[in-house]
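Structures follow.
What follows is a pair of complexes built around subunit A, which joins subunit B in one and subunit C in the other.
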Partner chain A sequence: MNVGLILRPLLVLLLLALVLRPEWFTPIFAPLAPPGAPTIYARSSLLSLSLSHLGLVAAATFAATIVAVSLAIFVTRPAGAAFKPLSRTIANMGQTFPPVAVLALAVPALGFGSGPTLVALFLYGLLPIFENSVTALTTLPPATMDAARGIGLNRWQRLLRVELPLAFPVMLTGIRLSVVIALGTATIGSTVAARTLGEVIIAGLLTNNTAFVLQGGLIVGLFAVLIYDALIQLETFLARRTGA
Partner chain B sequence: MAALLSPFMTIAANRIVAGESVMAWHVASPAETLPGVAAVVLGLLFGIPSGRQDLRLCGALLGLCGILWLLMQGAPALLDSAAGDYARVSPAMGFWCLLLILTLMMADALTQMAPGPIARAGLLAAVLCSLALILWSGALAPLSILQEYAGRRAQFADAVLRHLALAFGSLATAAVIGFPLGIVCYRRAQLRGSVLPVLSLLQTIPSLAMFGLMIPILGWVGDNMPGAQAIGIAGIGFAPAFLALVLYSLLPVVGNTVAGLASAPAAARDAARGMGMTPTQRLLRIELPLGLPVILTGLRIVLVQNIGLAVIAGLIGGGGLGTFVFQGLNQTATDLILLGALPTVALALTSAIVMDILVELAQPIPKDSP
Partner chain C sequence: MIEIDNLTKIYGDTHAVDAVTMRAETGSITVIVGTSGSGKTTLLRMINRLEEPTSGEVRINGEPTHVEKPHLLRRRIGYAIQGHGLFPHHTVARNIAAVPLLLGWKKQKIRDRVDELLSLFSMEPAAFRDRYPAELSGGQQQRVGVARALASRPELLLMDEPFGALDPIIRAQAQDDLRRIQQRLGSTIMLVTHDMEEAIRLGDKVAVMDGGRLVQHAAPAEIIAAPATDFVRDMVGDVERPLRLLSLIPLVELIEDGPADGDALPADASLRDALSACLWTGRSAVPVTREGIVVGRVTFEAIRNRAELHA
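Let's turn to the complex of A and B:
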């Protein structure tokens, strides 16, 4: 725990420095760059790449959460129960599709750019959120549900005031999984010309410039680790608050 | 229905330009297309009402035969009608949508019929054999993706072997490191508390970044350690890809080993202790056999994940099917992308099904017994 307390602010500072003041790191990266080549990626600002990267992930995850949670609510109601086995089959099969393959297959259908990346992130992000939401909504404690029914809450009230709040921590785990996958897939998205931090790594790979590769890798890795950690903290906080 | 009405195939003058769409009933002469269209329509009619699962399965199979028939008739006929030696015929939106719908129908019917593990293995073998037979017979050879293949036969075989070596090799290495580590973690709660979070952070790092970060590290090792270069350790190529995959595999292996060992019921463990078994005997004869399904599930996750991640090795010169995907993306050659992506998807699906069957066979007590 104590390690986390010291490490977390340090990593945040390191990440901020890498993104905002990349020139500070010139002496460290210089030995890795080929002679005569630039050490620090300057083709576009790292800040704008980071924002575009995180923006893609946020937009895709937000849309995926809304759609997946609505679908999960639908298939756990009596009206949609007939679709539950089919939707679970789809979610299971879909998750064996490699994210890279989803991205690669989106290109012939949608062309290059941020569009196919967004679609691939959205489609792939649906699955973990949907699966976790269905699990959460079908494994609520029966006693609580009975009590909710007993105090005269109608279906909508039960859904909004009992089921969703209780299911939220498990849904959040699904959202975390989907954010982690999306961060990784968005990085590869730069091979299909989406503006993300992967651009720095790819540029390094293409020109044999290990300084770029390391720089991009560090920034993307730090973002992923810190976001993952923040979501875990949020989950523990919520779990403690609901008394689970 | 909409899928049936959208273009079934496209024909293009060469591999780069956008194709011209052709509807399902126009791909060949009416006499040749009619059986195919009829089979697809009948298949969908049988399959969509969800009353009887065996009927749905038959419908799905009939429909799949229908679209295959259309493809086999359409490919040579369209190619003949087109001018130029570089003409390319490929399946279009309609084909892919129908394929997806029919496969889902089949999967859904099979899930609800819940055949035993042996039946599932037989079914998988039958599907793979018929797929191999169709590809080998050459009936689909005029399709553009197979023309891409024909131009790179040796490269393709190489890439598939490389891909399998990356995926299975890293799985084996991770198992060799992960099992003992898992057993130790299971015994010592304190170690578990520090190892598992570190491994899950490793898993969080985006794949491209992880592969990239391996380059300077292994490059340094290759340059500074005597003998390292002789065994092929270098900044780019196979070694960094392999190491990155091993690191990604550790969490599922270690985590599931711990969870599997812990899943043995307390009563069984007490009984073993009562019989005077030593800790090692308990581990080998009680906890491992009872935890095997959970441990195998971990291996399934690793295998499916690594087959997908090995694609990225193509970017750092590690070979594998990713080479085709990224070459295709660079040249905007869709068929080349598909030549890399479709086998990857097929490999991942097949290994997922095989591992599921193994997990079920490892179940010590069949689930449905009282």
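Let's turn to the complex of A and C:
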């Protein structure tokens, strides 16, 4: 708790500095760059790469959330129960397919750029959100669900007013996992010319420039840690509100 | 009037409810009592169609319940569930307001109603309105559950062990509150309990269930004086039978002229109260008052004779 209070602002400041004022770190990274090579990545602005990286993650997670939650709602209704095993299998397959393979397969269809990366992130995001949503929707407190029927809520009202709000904290856990997976996976998107922070890392790897690799890695890592932490805080807050 | 007509519910090969037929008058309290697993909850839940009967039907004021959409039927019927079932993500006020909100009441009317109900159940509105269920004690949660069932002033109220989690003192108070509220509103109540004491205290009629069947449906005094089966006799408990009976008879019935000393009792107190007063203070008679004026006495002798009548 206390550690978090101090650590969190420090990490935020570090991240902001790395993205907005990379030149401040020249003395630290200089020993890692090969002689004569630049220490700080300057081919494009780290800020715009970060924004594009986060944008891809947000768009893919948003789409995955809509699809996974809708699917979870469908398979937890009496009418859709028969599809539960099948949809589980499909979501699992999406997860086992290696990201690089998804990118490679998507390029011929969608061309180079953000398209294939979005598809890969979307597919990887589905499973955790779907699994968590199904679990949340099938383990709601029975007495509460009974009361919801008992006071005369119809199916829609039960879903919107009781089931989804109560399931939300657990769904959010799934979304958090997806976001973190996506933040990492998006880096390899730059192999097919998506603008992400992976560009910095790959440039470093191609030119043996450890300084670049470290910069890219640190920024992606800090984003992941801070976003993960923020979502945990949100979950705890919501869970406390719903009396868990 | 609620008519339950040959109602049966079969799960696999258990007859949870077996051909139950009974009638509850408008404005009366019917208490369904029986041991665990005797089918009380199932019977209650078939009335608001949370369970569909295997056969038989329920009529409310002559109208069969199966013609209406279930969720619309349920909005007319208050339901306090076994184990409260409050919405954990809504405040106490929002929980109580659930049905009025569905029915589209005005904001101010809802707020007044919520405060009125909280006060009725001895919960300070300002202190409890904005709390979440997790911030209440078990007994408070249960009272909020009952308040939610009462909120829209439903003509019919179904209550499944509503006072189970209350300690004896609060429980007695909640029972009195319910009686008072019911008499004021004239609502019809069907209440489930496994406590015969509660059934006798609260019920205008008591329905005793055993293994899915209705074994006796009668006024409390009759249940005590003339149990229909050994099971009912066991439920009533032989030891306390005379005392239970006395607790149902008001002093008015045995009032006579004559002197008596010591503290007086009001005329609507029970013979049981008078008996305790006699035994406790070593008196052979207690004065009886009506609106504060002594109108006569009840003697120990008369109480004993009355008890003997039913032995």
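Just so it is clear, the second predicted complex is superposed on the first by the 237 of 244 C-alpha atoms of A that agree within 3 Å, B and C clash if a C-alpha of one lies under 4 Å from a C-alpha of the other, contacts with A are read in each partner's own complex, and residues count from 1 in each chain.
The criterion applied here is as follows: a residue touches a chain if its C-beta (ideal position, glycine included) is under 8 Å from a C-beta of that chain, and two chains touch if they have at least 3 such contacts.
Not measured: the values here are computed from a predicted model.
Using the contact criterion defined above for the overlaid structures, shared-chain residue A:A230 touches neither subunit B nor subunit C, since it reaches no partner.
Once the two complexes are laid over each other on the shared chain, residue contacts for A:V162 go to subunit C alone; subunit B is not touched. Once the two structures are superposed, subunit B and subunit C can be ranked by residues of subunit A touched, with B on top. Within the superposed three-chain model, A:V119 lies out of touch with both subunit B and subunit C [touch as defined at top]. When the two complexes are overlaid on their common chain A, residue A:R241 makes contact with subunit C while staying clear of subunit B. By the document's definition of touching, neither partner reaches A:I40: not subunit B, not subunit C. Once the two complexes are laid over each other on the shared chain, residue contacts for A:T96 go to subunit B alone; subunit C is not touched. Of the two partner chains placed by superposition, only subunit C is touched by A:G150; subunit B is not.
Touching subunit B in their complex are the following residues of subunit A: 32, 82, 85-86, 88-90, 93, 96-101, 104-105, 107-109, 112, 180, 183-184, 186-188, 191-192, 198, 201-202, 204-205, 210, 213-214, 216-218, 220-221, 224-225, 228-229.
Within the complex formed with subunit A, the subunit B residues making contact are 50, 93, 104, 107-108, 111-112, 200-201, 203-210, 212-213, 215-216, 219, 235, 304, 307-309, 311-312, 315-316, 322, 325-326, 328-329, 332, 334, 337-338, 340-341, 344-345, 348-349, 352. Contacts from subunit C toward subunit A in the complex involve residues 48, 50, 71-76, 79, 81-89, 98-99, 102, 132-135, 145, 148-149.
For subunit A in complex with subunit C, the residues that touch the partner chain are 141, 143-154, 157, 162, 165-166, 241-244.
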